[in-house]
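Labels for the chains are A, B, C and D, by order of writing; each one numbers its residues from 1.
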């Protein structure tokens, strides 16, 4: 198992390395003159050239890449061009904020999604299953940004239950903080929750029809125990893989939701960076996103390994 | 376990309800997408300052927007762009992904390695990021966001096609073709592809919904369709400032979007049921 | 009459679905007395598994049971679901067909065995786990402690099945249901399991309901046999009667006549024509009427079970009248009589020669082959790709019109070798000469031409035909590809091919899903024949088929061989089938040949210890053909990833001599021309072993 | 499940509502729309940065919400006869936030920095007028200008011209704002907020009244409106004009609207076809209905105008009509060789709703005369590099400037800084008027010249100024001592809560 995880780790490293080249390359061909963006409309050509020189923009691209990658390896993300300040603290603040959003969302997605899926699988064909199925069907079709709009109209406009901004700092009190988090999290999780629940339902149904569940029933195992001990663990395996992939979808959602709810996280920072053509910031954001996504996949792998003895205990042993 | 087969001779089963409903609604949406301009009671860009932000009424079914334009007409027009973007993007991912997947699945060796490692990299970028990146590099337009969304889904198509291809390649009739000394392209196109289509078609249907939603999200972020033309995503984005005063401007295209996506999902599930009842792949 | 553990009375089960109802079981009754074994036999679709589920009270949702299932005198369907559940695993337990899917992959085997103990007996977990180890020991597992802690994927199929039997035994049940418990296993493992069940039965005085399609397996264990056909009991009586000459029902006759027999080879098989009736339709008269060669007017009447002897019933009004009439196949199978008289004459010129064919499969490569090992010191990462030696320097030659049988357990490399011969798999070494021309080094163009002469018939009729093509398209392709015919001529050729495999031209327009398994297999054969090959690899060509269908395909293959003078490499795990059709038999073990010779020489000593074990493992129903001494192999086949030093069979050989077997490659010993045994044991000693089978009447 | 969720949500909401409210509020939360990129006013280019400039720094002169100029760090000033030498007397005893006393050296250093190439300040065009700076003593600064400039003192209210200490490095100036202003800089989390606190040593006694100011960065309009309604914020800066309507009946919230000289317009590049032909520009001008544009773009919260001189200004030329002339436009187009019109792309910046809406409305209006315009929205990241000054037709707009000269000269004079970058308009007639007006100190003469200026603008159509828009802040009623400033910044010195 250790070897397997080491392989995964190596794999992630390779992916991140390849991605860093890709990110660097794409951001280099972005239009818009960086020096121009910094200096503004009133800069002269000589000033622009001088700044470009200073920023090393005239070096060959691989030299620039190597400089950047070296910095990256030393956890030096460089300075924001537009804000003229180190990126790291800005980025870490944003990551922290996004992490709160992402973790509470993915937690909710996992818990509620799996629960709903299991619920409808074991009530297969009954009213409860139909209601959940219908609800997930509709929910799945609503994009995050429309959730935001609907939630704002309903809960902020008509009912006035929740604040529309997605963020207050924790220093203003836990409840205020949590209250502000509710709408963005709800907007983020609705679609994913439906996705996870549908997936869990189908894999649960498959497992419930498996031979070993039949065998468990034939042993006289009570139905509740059949579900908990025999079915759930095996049914969750595909769900875990999908949860990891959903982290990617979640990141997309975070960009939208953070924008709409004015939530100071990574997604908004990225949009801001793209709008401002702040190349080092774009690069830093994207590499962080890549790493986070890769790590999410690694965690899913670990969890998968933990739940799946096939991987945990390697190939077969003859006794 | 040998439970009795339902019938010794195959019988025609009734079409699944999801397919009938899905196809029906989707056909209706397609019809609107094509005929929208003829059905629309007003021009999509006809402004009327006196009628701005009117609530839904008998004249303006979905009300009017901040320019006094008829929201209903705009939703009808928007269908075309949203659907075109969804289908266009999916076609792109299909056109690139399926051949690559077949090649990776059939030829194995280094082509497979090259394609699959490329796919691994592409797939490790969260979808919207790739879209943002591509659109940040170029000026926004409909076809570019369709391209971006299409490219995003290429890895999924490659993986699916490859796995289906491998599955079919394990079948003995493919071996029989090889035993006849058939050429690679014949086996790919005459033996494998016809059997690989069902899951690909089902996946395609689902991809269309995802492409519509992602395309709308990119439009929503201002990276797709340009005003005054408007797809549903952009309509919602533009209506955001008015959601407290005139929620219908945002809600009408949103509901249209949701209904379309539901219809295509139904269609996909229905197709799955008749084309590939064993398939248990869920969307990725 | 002693106490009945199980008494099933008038049980009917119908499946509802899609607005239709279809009968799985139709008013069946049987009883099992304490300590007795009832064998339930039938082909697929006969309803035997439904019977097992009905007894357990575990019928799927759409199933409607009626009638009574009395367990120790109490109707289990009169009990509450909770009471039924309490019964399962404690008083009635079951072992399923497929040990590979019947164990929960994510729970340790020991815990799965202990589960009913904890549930039903309220044992402490620790004690239950200890008891699980005892049970594993009882079912013949040598290292129970380690096995108990293992996960299912770490165990071989035979060990899994033993574990499942241990689970079933855990609460010392009164009744054990065995639903095809050995079907998924290799023949040597099957023999081990049957031995175990026999021993357990005696030791624990178990009552069993033993379900199988395999008459030989049933014959070994059962006291009474119940023959099911299309949900009806057609014959029911003591084993000796039903499986012996006393059987009365035409269907039983048909089943027995379809069976290829080791001791009675070269006889023509007599299959049952037609297919199972549509179970959603009600059939007013005899359900077997449509396929019965003895059918006459009176068969249109409903058929009650008739007493035809002591404790012996048969659902046929002509049972007694037909008592001594042998089964013979109707001519529906086409011209059988005409061909059956023609004796096959092998021994033409040399057709195919394979020399030192080697095939290795890379099983682990790339990133997964990176092994982390910090214990050995040095750089902890090592790249260790693993490759499996599937075929290890195999040499074999086949003459024109000859049938060579290739037998061995699963994983021995027989299929891979067969595919190498027609270059479906590219071997890494050796040469394959077709009429003296090397297939392996042939140019692509020449290779294609050679392919016309060498074809293959596959195992699985469901997968061997492209589901998107009609039979005509499937057959026309090779005809066109090899330029055998063009234009309208192609259609005529297709009809010819269909005729050759005894299918009517109507089949040309059908799609695979519109045909039965046997029909599909015939189309597969026709496709292989389309290019007029001289050599065909039959890769388990009849293994997936029911006995009656298998017989007709075997007949067809034999006929075609005689008509067209093609040579077969007939690959099968089933010695009975192989010995029925093959002129020579080649026994493979772990990627190499251990014995090769004419069929009759293979079946009698001197033989290789592995051949002896294989023969000894085959379950027979023939009277008097009971194996004298049972040779049992421990463990199961493992693929070899490293060069084998010494004898291939050293790992499991019951007659292993000692060190020499592990170090020196055994010599080829020859008892007669064309018969070779690769063994260190001297020929004289090998010849001295008692024959597993009764000596055959020698035929010319 | 759903019920449970609602209950949970409700309880959280209630508990949140029940949390103790601030006892005596003395800190204010205001919204701004975007990240301030530079906290050093010299480099400021956007409204958010100007706010920080006003809160943390002081200039020499300031302007009140009712448009009166008053001394800030300068106590008084005077010029010579021809307005070429200006002497400012500085306030004594003013301390920077880090303790240094404010002196003449700081003024000179500030102006030097602004004039330097490295800083590339937008206000460089102002400092370029300076020929010489002297400090006769610590509290006197004398500017000698290159040409007569009557509005020099008024120019000192310019946003970039905020005094910074002379003992700081460039990097410190950029990242650690130190000014003399009423509030001290505490922290800045990009994307989140800027926090300022009371400067206890502020030179105006008793001011400021607030202890703390948090500027929350909230780009999304709907969100900040909701935040104000929910009480999360006390003041919404630059309330979107379309939102005014909905606050009309909201209790407890004041919507304070001021007409300004901030204008939106569009650039017609005079140097490339088709707009190098004046008739085409005139046709475009005749095709549009500025009064309608005001309705569409700013929901009526603004006024059509001819030039950067707003209708509220005494020099506004009331004689020019806003009536469109479709027939005339078509005729001009035909004369210019476009009888069937032409195709053109209107570039609009994404995320500037008024300009986006004007573009859409313009597109419709141009249709009437046969011009087939496509709207393309461009994100701001590409605006400077690919649009600004490079395409023939794009939407633009500018903040109010301190003086009439600074409001007009850069755009309309052939040497004007913006004109040479954007419009490429050359007219001797115009140059003559603007040159003359710049040197004029006599108000009557000025009025005459600027009235004439407006006439030339609509005749020659260098580009089109569509309207001057109102500026709105919305705030809680209990916020007192604050009023919306027509120059679009928040003057919070006297603001306090009841």
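Note that in this section a contact is a pair of C-beta atoms (placed from the backbone, for glycine too) under 8 Å apart; a residue touches a chain by one contact, two chains touch by 3 or more.
By chain, UniProt protein names: A = ABC transporter; B = Peptide ABC transporter permease; C = ABC transporter domain-containing protein.
Note that the structure is a prediction, hence the values are computed from the model and not measured.
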Next item on the list: Please name the chain that ends up farthest from chain D once chain centres are defined by their CA atoms averaged.
Entry: C
Notebook entry, point to check: Across the interfaces A-C and A-D, which one involves more C-beta pairs in contact?
Noted result: A-D
Note to self: Averaging over Cα atoms per chain, report the distance between chain C and chain D in Å.
What the structure shows: 88
Notebook entry, point to check: When the centre of a chain is set as the mean of its C-alpha atoms, what distance in Å lies between chain A (ABC transporter) and chain C?
Noted result: 51
Notebook entry, point to check: Where the centres are mean C-alpha positions, what is the separation of chain A (ABC transporter) from chain D, in Å?
Noted result: 39
Check: How many Å are there between the centre of chain B and the centre of chain D, using C-alpha atoms for each centre?
Finding: 45
Margin query: Give me the residue numbers in chain B that touch at least two other chains, ranges are fine.
Written below: 136, 240, 243-244
Next item on the list: Could you tell me which residues belong to chain A (ABC transporter) and also touch two or more other chains?
Entry: 31, 152, 157, 259-260, 274
Notebook entry, point to check: Which positions in chain C touch two or more other chains at once?
Noted result: 96
Next item on the list: So, with touch as defined above, which chain pairs make the list?
Entry: A-B, A-C, A-D, B-C, B-D
Next item on the list: Sort out for me which residues of chain B touch chain C in the complex.
Entry: 1-10, 13, 170-173, 175-176, 178-182, 191, 194-195
Notebook entry, point to check: Taking the complex as given, what residues does chain A (ABC transporter) use to touch chain C?
Noted result: 2-4, 6-7, 10-11, 210-212, 214-222, 225, 229-230, 233-234, 307-310, 313, 316-319
Check: What does chain B use to touch chain A (ABC transporter) in their complex?
Finding: 120-121, 124-129, 132-133, 136-138, 209, 213-214, 216-217, 220-221, 233, 236-237, 239-240, 243-244, 247, 250-251, 254, 257-259, 261-262, 265-266, 280, 282-284
Item checked: Interface residues, chain B side, partner chain D - complex -> 45-47, 49, 66-67, 136, 139-140, 222-223, 226-228, 240-245
Checklist line | Interfacial residue positions of chain C with respect to chain B in the complex | finding: 15, 17-18, 20, 22-24, 44-50, 53, 60, 96-97, 179, 231, 275-280, 419, 422, 424, 447-448, 451-452, 454-456, 458-460, 463-469, 474, 477-478, 481-482, 513-514, 516, 524, 527-528, 531
